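In the two complexes below, chain A is the common chain; its partner is chain B in one and chain C in the other.
Our next item is the complex of A and B:
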């Protein structure tokens, strides 16, 4: 056994030595690509950002792969969406990551949801009979550009705390991002203005912040309850409601099956539109501003075709 | 209900209470002339009852007030300030945005100030049914085999703690209870307490985390059965970061009182070592390899005739050596609809015998599980294992299983299992399992 053990230790030592030398940039690990995109906007070349979940992946169901443990173990800062979005996978990564710097409560852990606008915070008794409800509110809050700006502020402040020497750099990068976002927001608002008040249906409750921001009304969901797959009775009910209210558009996330949405759309004479719920959700959504560029123009085009406005 | 009827009700219940107590008092003293001390005790009793009545009246008044407030809210009348708003917004349309500033968080935290530091609590029920004949099994046809209660929380800036208490037909036992030091330097992670040893894959899984109803034959024959290699001890593991693979080495020391190892000596411990290498082949395929070793005291077969010649009982050991390999495929875009896990574990057991050559037994299983729809998994397992004390006896088996997965919090599974025992007898069984959990959302195993 001892011989085997020695060989093991030797192999491990060689592998450790072979590891690349650490770079000077702050190593930032984010749970999603949206947070990674914002961290890159603010951190520039002073940060090295890794996102764990991909933008086309359901962020509720991410596997805590050991490769993620490695990323967490090397991180100087972990940024999470929070609101229990990552409850099934982040805690185990943080424990296995063996990195005291990034444990919740440390400066190296940032819950990005703490100063943003959160919708759908349940106020009374909640039970799982309501489906996969998030007791701390809807975690898909990054889909409002105003929240994107608030996340960027939190990232700027935290990076400045960890790397005080580059405080002015982060401040300048943030200001630049914020003003570019401001210009883009005017463009998006103008594109969506004609459709204010239009009713749509979405698959999951991923879009309250987005639809709220652009004045659209979500009148129903393909899922009968959050996290519960479509049921025939709910689908029939939804079709009836959509027909009664003249709703023609169903927005679907890339990670859901389109069979039921397509069936509903054909019943109501409407259409199904796949939007990117996150940066990386589609090729075109390469950064935070491009995410909205893609979603807003796709949504405006689809609404134009179904409403004729 | 009006305030009057409430009061009447309270009064009536009080009278019943008082009547019963008086009757009891009367019964307890047969003498018709009450002694002075009895009068005194009756007086005390009356005072106590009066104060009880006052308390009940206060309670009713409070509840009535709360009801009136609710009524006011529901009718939209002049709202009396309520303590709780009883509705979850079922309409998810645009609502007045609640901005959770630190103030609102503080107030919600204050409401539950006694609870904020409570550990995350969950309870998992494991209900098992078995049909068919098995000459070697005494499992009842229906049984709640386990109610597992988990408490998990952060201890302090340096550690977290996890407790899993399992209540079953044999009583309540600590399945696991350990502290994990998360803030150690140089990529170390240390655990201390009672835990499942890092020997292979199946041994680390709780019953409800298994992809099948039962555990493989090799676990039952060589690695401690249902309880497994689970003992009080200390575990230290280290990551060896490198650009090629995830490499983790674990070393553990246990007291030597588990399903595999047994001793009454304090100086003979059980050592476990595990080396794990993992690599992402692509973003949706990965491979996970492990090698495990365990060494500890085991008295072997009791051989009184042979042992009678020996002055002191010999120091007998058992060694286990294991290899595990897992291949996983899960396309990220379809992650909630499709996945494939293929796994095998091979275990060699070498048991010292008092006066004979050590016996070496080998066992393995191979398992494949495929998720073919959002809520459906199907799988297959092949089993083969010798027995630790008599490797000439080899059991074989095979299972097919199907899991229905309504939500993350409940699973329904059925399994057909055929076992050919070494003695020449076979068993065909249909197993059924219902797994359900309430409470905090646990992290998923990987």
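Our next item is the complex of A and C:
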């Protein structure tokens, strides 16, 4: 085993040396495609970005593959969503990658959640009776474009720290992204304006930032608790509540089973809409701005059909 | 193949060889006894113990979780050892299947009453061979070595109990006690292996090498040797496929087991004559 080990280390050293002059770009590894899209916006051709989880996968559960370990071992910067979203797979991956540069706490590790607006952070004492508490708040925060801008800022600052020579380049790329995002935000706000205050139901708690931003009210969830499949009593309760409050739209993430949402929708005479929770969650959501283009227009069309506005 | 990866795969490779070693041996017993699904059942009973410990408010990384799942494994071992003695014409596989289904459902029920941490329980119980770290490998090697010594010392007794329990009982030896010792030591191994490698992979390490060996040989000694070689070869080959085609490692090894078994069955006429 030790011999195999030595051969491996020698091979690693040779390959690393050989690879150095070829690519001077910073190697950035992100856990999700959203962070990869933002890193590409800011880093341009000065970075080489790899996303681990695909946008149509549930980021809570990702099956590690050998290429993930290799990507982490060679990375200059690892960007994670944080808030315990990747707790099931990222810590062991960082250990397996044996790359001191990208361990939490070092300059090569960026927790993108540190300066953004986080919702659903429990206040006061957390008790077991409260049930589904995420102690660090809801990790699906990238679904608010304002947070996207803050993530881009954090990426700009960190890239400038790692590659000070290109500081002005990153600043200019960030400004450009921020102003394009600003134009797009006006468009999205206008599309969603007629539906302010409309109540909807979602499958998982993936959408608080998105709905909060566009003024929609999430009145219930198909899951009784995050990660727990729908139970009959919860489903019946939800149907009763939806009927009483005239709620007709259920938003579902692509990786959940649509049987229960469809059954609920047929009971209340409403409809089920699949939105992309991440870049790459659907073909159209190819980058961060296109993700919102897709979700906002799909949601606006669905709301138009169920509300008649 | 990218050789850089060998550095990172050293721990998973070591873990898979250790698991292959002990499971190929235990698999011979399990196949002899005709209790093919006993490992799935014991692993699920162990998960139920862990789920209950989490429900009681223990942190998922608390050692209490391990002790609770161990206690449940021993209860399961006790039940399987006792039930064999009854002459009620109920096949033991039926009891094992029922235990599996009920324990799996009970885990879901307990988790639904548990708090948010429960969603991480699934990852903890079903390990991923690629994420194995060296400390886990050493701990596992230690535990398995102790169990292996126990089985080597009493190898004749264990083999007799598995192949011809009636003859042993006729000599006035407690079959139930030895059955319990077998299932208890087996449960210890399986609980540990599932935490490292996941349910599917452990099942294959247990059953496929001894089935492959039965295709080619009759004597227990030769079957054990074939099982060990097959386990080791498939581990390495599966890792190679996983790296070469960037596949999830556990699933790649399981599929490799299937392929190699088919090849062994096709080659059987050449190996076994008459």
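Everything below uses one rule, namely that the second predicted complex is superposed on the first by the 277 of 309 C-alpha atoms of A that agree within 3 Å, B and C clash if a C-alpha of one lies under 4 Å from a C-alpha of the other, contacts with A are read in each partner's own complex, and residues count from 1 in each chain.
The rule we apply is simple: a contact is a pair of C-beta atoms (placed from the backbone, for glycine too) under 8 Å apart; a residue touches a chain by one contact, two chains touch by 3 or more.
Here the structure is a predicted model, which is why all the values come from computation and not from measurement.
J.: So in the superposed three-chain picture, is A:63 touching just chain B, just chain C, both, or none of them (first/second/both/neither)?
T.: both
J.: Touching A:231 in the superposition: chain B (first), chain C (second), both, neither?
T.: Once the two structures are laid over each other on A, A:231 reaches chain C alone.
J.: Touching A:284 in the superposition: chain B (first), chain C (second), both, neither?
T.: Touch partners of A:284: none, neither chain B nor chain C.
J.: Who does A:96 touch here: chain B (first), chain C (second), both, or neither?
T.: both
J.: State whether A:121 touches chain B only (first), chain C only (second), both chains, or neither.
T.: In the superposition, A:121 contacts chain B only.
J.: So, A:212: does it touch chain B (first), chain C (second), both, or neither?
T.: first
J.: Residues of chain A that sit at the chain B interface in one complex and at the chain C interface in the other, please.
T.: 1, 4-5, 8, 12, 15, 61, 63-67, 69-70, 73, 87-89, 92, 95-96, 98, 128, 130, 132-133, 227-229
J.: Under the stated contact criterion, what part of chain C meets chain A in this complex?
T.: 2-11, 14, 57, 108, 111-112, 115-116, 118-120, 122-123, 128, 130-131, 133, 242-243, 246-249, 251
J.: In their shared complex, at which residues does chain A touch chain B?
T.: Its residues touching chain B are 1, 4-5, 8, 12, 15-16, 18-20, 54, 56-58, 61-67, 69-70, 73-74, 84, 87-89, 91-92, 94-96, 98, 100, 103-106, 114-115, 117-126, 128, 130, 132-133, 137, 205, 208, 211-212, 217-219, 221, 227-229, 254-257.
J.: Using the touch rule from the top, collect the residues of chain A that touch chain C in their complex.
T.: It is residues 1, 4-5, 7-9, 11-12, 15, 60-61, 63-67, 69-70, 73, 87-89, 92-93, 95-98, 128, 130-134, 224-229, 231 of chain A that touch chain C.
J.: Could you list, by residue number, the parts of chain B that touch chain A in their complex?
T.: Residue list for chain B touching chain A: 84-89, 92-95, 97-101, 154, 157-158, 160, 180, 182-184, 187-189, 239-249, 273, 275-276, 278-280, 283, 286, 288, 293, 295, 330, 332-337, 374-375, 407-409, 438, 441-444, 446.
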